[in-house]
Amino acid sequence: MFRASIQAERLQLWRGERHVLDGIDLAIDAGEMLHVTGSNGSGKTSLLRTLCGLMHLEDGRVLWAGRDVQEDLPAFHARMVYLGHEPPLKPDLTARENLHYWIGMRRPLQRRDVTAALDRVGAGAWSEQPVRTLSAGQKRRVALAGVILCAVPLWLLDEPATNLDGDGQRLVGSLIDAQLASGGVVIAAVHQNLAVSGPEPRRLELALA
Amino acid sequence: MVWTWFHRLASPPHVYALAARLTPWFGWAAAIVILAGLYGGLVLAPPDYQQGDDFRIIYVHAPSAWMSLMVYVTMASAAAVGLVWRMKVAHAVAASCATIGASFTFAALATGSLWGRKMWGTYWEWDPRLVSELVLLFLFLGYMALRSAIDDLQRADRASALLAVVGVVNVPIIHYSVVWWNSLHQAPSVMKLGKPEMPAAMLVPLLTMLAGFTVFFVYLLLVRLRGEILKRERTASWIREALAG
Amino acid sequence: MNTSALQAARLILARDLRLAVRKRGQFVQPLAFFAIITTLFPLAISPELARLREIASGVLWVAALLASLLALEFLFRDDAHDGTLEQYALSGQSLTWLVFAKTTAHWLLTGVPLALMAPLAGVSLGVPYAALPGIIVPIALGTLVLSLIGAIGAALTLGVRRSGVLLTLLTLPLALPALIFGAQATDLAIHGANFAAPLYLLSAMAVLGVTLAPLAAAAAVRISLE
Amino acid sequence: MSEFLHMGGYAAFVWPSYALTLAVVLCNVIWARRSLARACEEARRRMLARSAP
Amino acid sequence: MNTSALQAARLILARDLRLAVRKRGQFVQPLAFFAIITTLFPLAISPELARLREIASGVLWVAALLASLLALEFLFRDDAHDGTLEQYALSGQSLTWLVFAKTTAHWLLTGVPLALMAPLAGVSLGVPYAALPGIIVPIALGTLVLSLIGAIGAALTLGVRRSGVLLTLLTLPLALPALIFGAQATDLAIHGANFAAPLYLLSAMAVLGVTLAPLAAAAAVRISLE
Amino acid sequence: MFRASIQAERLQLWRGERHVLDGIDLAIDAGEMLHVTGSNGSGKTSLLRTLCGLMHLEDGRVLWAGRDVQEDLPAFHARMVYLGHEPPLKPDLTARENLHYWIGMRRPLQRRDVTAALDRVGAGAWSEQPVRTLSAGQKRRVALAGVILCAVPLWLLDEPATNLDGDGQRLVGSLIDAQLASGGVVIAAVHQNLAVSGPEPRRLELALA
């Protein structure tokens, strides 16, 4: 029987002249959350991108449910979602359309699923407006709706609470709570703790190389 | 005196009401004059001594061509006013012109090339007049494309207005450069064929048609103008009455 | 249970077409471009149809090539910019199909309108009406080949800012054969000759492209995302 | 009458141009009216939207 | 105490040139396009220099205009994207000067290289060596006019994504006179005639453009930032 | 003698179909700071952009030192700096070059001024690296260096602390303190309070239209 869990062993990552990740190890289990912290430029974003295989590792490996993700990258990707600094949205499509095309690529969607997700993040009111006309925080909320809709066990979030107002921050907390409760794994790069209830999240402090 | 008049023209509700009142008059006037012109052109006017009945195309072609130029000038002037005085109504006028102008430019080209097919055997010749007309079509299309590409109305207004003004400065330059170009390679110059001074029986219907089309343009303008004004008056309270009445 | 590769591809195709419609008349633009270029040449050369006819095939093909290339640079650019492409790569779907979908969309939005527009431009350049099929078919095929080859270039030059040059330099040498045969087919047609031979070669290229180009392009995308 | 329609053999080009021009004229009338109608619709919608809350 | 308008303009010019050097592509791109178009014609039409010479001026000019037009799209695009343009508008400096500086940079990076490269293409099209000055000078002037007119179009299409062809549609009709006179000058030169007359007209346009276009373009920038 | 102060009267702003600002008034004096708060999409960014004249007002006016800014926009712009959601930096230039060209347009700069500002925001270490290779927070810091270098009385900052680590947030606070101490005016759109010492900042709460 399959159990969500991710490990990383001895990650070595260089970017240009810079040795960004030097022998990072981590192991998170179902229902656990990891806060990746560290000063600006310490490599949080790089780490997340490395975990989802977007960056070429010098050395070390990433394991999902005990198997090296490089063995079957598509299968791994189908179980995870990554949200970077910029919400991956098309300016000319509405919030709803964006979700339809973005998430629709991963799993078939009912219109009501999308509606539900949009309402969940409080985007119902402006879900038919071209994303280009949305405010920074509104875009972020739409992106979060996408994350929910993926319905995958592994979340990799890069400063998910950016640009969000008070409600928004609490929203992120509760979304993560739900994900953890359902046996998922969440890795988030953050500067302040997220408003999650439940057990104190594990934390990985990256040092500036 | 002039200023009060100017200010009233600047006030959307007043213009809206005025347009609403004038529309039917111009509509019917256009219909009558054009019908008269058609009758004169198709029935009264005798066949041309060298072109036979073919010259009758002029009664739709010349007015269309004339319209295309007139509309562009109107559009550009309105745009200029809108830019300088930030006057909504002027922008509304300019916005109303584009489609009308483009369609009649197209008509001039099409009827012209039909005429040309008869006169010199091909649908198209690189005659200066035709080229300038074609360029005019491009200018109209560009204007419309720019408008439709910008979704914020204020910005679309001002951007396209600037384009129209820049364009109208260029129109004469373009026209003369094309004429000059053409004179270097003596290609057939179309319009000369139509030129030999027409007998009154032919000329009068032509003038009638020109007049009729002009009135028709005003009618179209008035209708569209109301719509464009409504689009630009978000907050105004007068809209309620306007729509109710 | 996941979306099938085909479904995903259909989604992307649908999305790109919708985007094109959103940006009102993405596909009207090649037409305008075409019309303008074909107006430029007579103005730059001479108004005599007899002389224009001689260079018509060249003009039409240059115009087609440029219009198609212009759009190619944006084939993946926008998606890469707003992070959508990254999300494709992370969607667990086969990139090949996605690339194929995007290329098809590009061809439908540039190649096909161009092919349909070309005859009009041809007439204004004095091409005899009988020769018009000899314009439509080769240009449709030629632009398809261009889109396919161009997709590889576009993907390879993703990482590069201002990739325009590289794209051109990579794509055109590869696309040159298509252009030569295409122009030749059109030229033959204009002179009333039989243009089957170059057309066959062109179709062969198209088939080859459809089967191979998406694979290469997908690989290129993966490389430039790393 | 028929000989009028025949235009001394030139009908092939005269009538099409008249028909085309007529079409353009009519299209313009229709388009203009439609754009006005749309604008009114839009304005009404806005008014309701504002008076609602 | 603030930076003078002229100093600011010089800064922008310097910055754009440096950026161009950073990504060499920027000024290789137009040259590549130019080379391709001019080489494509012999392939598409016929290798006989006698025939090519007849159309040489037209080909050179259309190629030059298109090449520099393609680069125009990026005149303000990048700056608008990363918010730099906004900062210009908020710098308290006269936008006209800034626009003028950027236009100059664009011309130096596209027009001038094109003018210098054109003779090569000309020779390959059978243009006699005596006529080469008749290529360089007019093309340099013509591209300057185009850059100036194009700056307006580029500024107007700022808000618009993928404005490439829209820009073409707005700019080329306005640039027709430059094309006509320029091609005329080159053609006269090729046939060994005196090409002073069209050249004067061309220069007149350039002067007019230099004085008026930046004003219009600056207004356009302000509009599309709104 | 001139005294920094900004007022806004009855601002009316529409964006597309949306009545974003409906009769906003504000008046801030030298040495004062205004926190613009409000839920996502309430119009903070729009307000800031309107204040610096980037957006076309339906009605209302903005006064700087008592005079309508529309009378002499360039003069007003020369006294203010606006920092939006995205740092206005050229990816292909280094941090130093960016500042040289960006700020150099406003006032003549010595190389050492730039160095000083970069060190002040802790960007000295990577000031010669192309901005494209910088992390989100590093970019933000460079932008802040630009704000200091402008040396103008009015700062308009849109969520200046985004992507910044703990130090970074304190840094923003101290920069603002210095600006206020020197008789400047700061208007910042924020979701949490900035770490400013000194008097409690005024606040303007925008409501969703």
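Going in written order, the chains are labelled A, B, C, D, E and F, and every chain counts its residues from 1.
The criterion applied here is as follows: a contact is a pair of C-beta atoms (placed from the backbone, for glycine too) under 8 Å apart; a residue touches a chain by one contact, two chains touch by 3 or more.
Just so it is clear, the structure is predicted and the values come from calculations on it, not from any experiment.
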item	value
Smallest count of steps, each to a touching chain, taking chain D to chain E	2
Remotest chain, chain B as reference, centres from CA atoms	A
Averaged-CA centre spacing for the pair chain E and chain C, given as whole angstrom	25
Centre-to-centre distance between chain F and chain E (centres being mean Cα positions), rounded to whole Å	37
Chain centre separation in whole Å, for chain E relative to chain A (CA means)	46
Multi-partner residues of chain A (at least 2 other chains)	91-92, 130
Per-residue overlap in chain D, given as positions that touch at least 2 other chains	46
Contacts with two or more other chains, residues of chain E listed in rising order	23, 160-161, 166, 169, 172-173, 176, 180, 226
Chain C-touching residues of chain A, taken from the complex the two chains share	52, 54-56, 74-82, 84, 86-93, 97, 101-102, 104-108, 130
Residues on chain C engaged by chain E in the complex (per definition of touch)	23, 26, 29-30, 32-33, 36-37, 40-41, 43-45, 51, 54-55, 57-58, 61-62, 65-67, 70-71, 74, 78, 160-166, 168-169, 172, 176, 179-180, 183-184, 187
Chain F contact footprint on chain B (complex, rising order)	151-152, 154-155, 234-235
Residue ranges of chain A touching chain F (in the complex, touch as defined)	15-16, 38-41, 45, 85, 126, 129, 133-138, 140-141, 159, 162-169, 191
Footprint of chain B on chain D - complex, ascending	4, 7-10, 13-14, 16-18, 20-21, 24-25, 27-29, 31-33, 35-40, 42-44, 46-47
